[in-house]
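Two complexes follow with subunit A in common, the first pairing it with subunit B and the second with subunit C.
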Partner chain A sequence: MAAAATGSGPLREEEGSSGETAAPQPQGPTSVSGARLSRLPLARVKALVKADPDVTLAGQEAIFILARAAELFVETIAKDAYCCAQQGKRKTLQRRDLDNAIEAVDEFAFLEGTLD
Partner chain B sequence: MAERPEDLNLPNAVITRIIKEALPDGVNISKEARSAISRAASVFVLYATSCANNFAMKGKRKTLNASDVLSAMEEMEFQRFVTPLKEALEAYRREQKGKKEASEQKKKDKDRKTDSEEQDKSRDEDNDEDEERLEEEEQNEEEEVDN
Partner chain C sequence: MASSSGNDDDLTIPRAAINKMIKETLPNVRVANDARELVVNCCTEFIHLISSEANEICNKSEKKTISPEHVIQALESLGFGSYISEVKEVLQECKTVALKRRKASSRLENLGIPEEELLRQQQELFAKARQQQAELAQQEWLQMQQAAQQAQLAAASARSRYQKGQHGAEEGDAM
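And then the complex of A and B:
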């Protein structure tokens, strides 16, 4: 009868999956790329940050930027690895493409020896 | 549970989605490559955290903030990330501000609503009484017809 007109419905914002789900979850509002808010769960990123014994506290903004930076990093390394796959005329990215990209790109030097 | 920090992986589904969107349609990625990228992302976060922490300590702060992370990006030679990250930070701050204002507005609305609800209740009670009277009249008419 007297419907809750002022009810704003589920106010919960889309923060990405919080568990290890196999099925791809429907993403929240995807606005223009670049300023897109992070899809990586901030809780997981925070857990990584806290794993560093030297870190005392990290502000929410810092966690958010780290999450977004990690996304940009994934995009970047995927594209660089794809260049190698393209040269081999393959349509599937293999582990060796990634290794090649790491060796070829200076910025990825910090990854050497960490992925084995 | 996690023996090494690198074992704290980010969710596979999200990593896969980011990779697929970065690459052209029709391109696939093997499971090994995907899990390697996921691990690389974790290592990246750890490395960036460590760099950012150095900046925080230099500033004699105990809490990592956004500018520490941005400085870390430059230090790690990922300057190309700095501009999109700054934009993302602006959007994030706007959203946080919006959320705060929305929750404050909600509080105000709630207070206003409880006041008006009390007025509505008394009005509804009057309506119910009218309906009951109408029904009774109809019943009376039927009885007369039967007789």
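And then the complex of A and C:
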């Protein structure tokens, strides 16, 4: 699912799996709001931000970069979890791999509330 | 898909978007459904976490709107400083696109009729319209006057015919 507020067509960007951004990336289609299309729907990100009663206003650029940060987060946690699966000699990523990844990283402590 | 019947707190990032990201990050890896579900929830929590922190940082500054800078500071303070350099690329892109858009719109203005000229034309049209209205009103007034005059004349001659008739009748009698 492409991720613009207007929900346009499929994204064609490539992401370097090494985590480096030195490799030039092919330009994906840009949405009306400009900037490289985030893989996350910006309207939804904005809605999530505004769901916080303390938040009054959030600028559009702030939403963009928050969406990008969330993408990076997903990539990071997925890769971490995959390492756990590989250690367990499994090829399928299971929920417990995510659990382990969360427990292993201090910065992910905030997620412990989401684990059942 | 996130529930539409729930309130704002049931919002999550759509599953499809997460699936796509997982697939791009870990191509050819099978991922269990409940693992995907957890990633969706974690992503949502992450957004809440960062935005909450950014909001606090924003409140401490004299600004009312959460800015990219606030988000960046939030990432730093919560231990996600490694995301900052990539995130700044997005900012750069925003600025580039905004610049392009401004250039494009000013080019368009130069090709078309500039705003002042359009305004001037509009004023002209208004003036003309007012004039036409005034002329029309004047014509109507004249017509009314003429009609009134004619009516008066008609009435006067009718009266005089009547009176002559009366006299005539009297004269006729007298002759």
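As a working rule, the second predicted complex is superposed on the first by the 78 of 116 C-alpha atoms of A that agree within 3 Å, B and C clash if a C-alpha of one lies under 4 Å from a C-alpha of the other, contacts with A are read in each partner's own complex, and residues count from 1 in each chain.
Everything below uses one rule, namely that contacts are C-beta pairs under 8 Å (C-beta built on N, C-alpha and C of every residue); 3 or more make two chains touch, one makes a residue touch a chain.
The structure presented is a predicted model; accordingly, all values stated were derived computationally and were not measured.
**Student:** Contacts for A:Val55 in the overlay, against subunit B (first) and subunit C (second): which applies, first, second, both or neither?
**Tutor:** Both partners.
**Student:** Just checking: does A:Gly113 make contact with subunit B only, subunit C only, both, or neither of them? Give me first, second, both or neither.
**Tutor:** The second partner, subunit C, only.
**Student:** Once the two structures are superposed, pull the subunit A residues common to the subunit B and subunit C interfaces.
**Tutor:** In subunit A, positions 17, 21, 34-36, 38-41, 44-45, 47-49, 51-52, 54-59, 61-62, 64-66, 68-75, 77-79, 81-82, 85, 91-95, 97-98, 102, 106-107, 110-111, 114-115 sit in both the subunit B and subunit C interfaces.
**Student:** Help me check something: in the complex, which residues belonging to subunit A touch subunit B?
**Tutor:** 2, 6, 8, 13, 16-17, 19-25, 27, 34-41, 44-45, 47-49, 51-52, 54-59, 61-62, 64-66, 68-79, 81-82, 85, 91-95, 97-98, 102, 106-108, 110-111, 114-115
**Student:** Which residues of subunit B touch subunit A once you look at their complex with the stated criterion?
**Tutor:** Subunit B reaches subunit A through residues 2, 5-6, 8, 10-19, 21-23, 26-30, 32-33, 36-37, 39-50, 52-53, 57, 62-66, 68-70, 73, 76-78, 81, 84-85, 87-93, 95, 99, 106, 109, 113, 120, 124.
**Student:** Quick one: in the complex, what on subunit A touches subunit C?
**Tutor:** 1, 3, 11, 14-15, 17, 21, 30, 34-36, 38-41, 44-45, 47-52, 54-59, 61-62, 64-66, 68-75, 77-79, 81-82, 85, 91-95, 97-98, 102, 106-107, 110-111, 113-115
**Student:** List the residues on subunit C that touch subunit A in their complex, please.
**Tutor:** 2, 8-9, 11-14, 16-18, 20-22, 24-26, 29-32, 34-35, 38-39, 41-52, 54-55, 64-68, 70-72, 75, 78-80, 83, 85-91, 93-94, 97-98, 101
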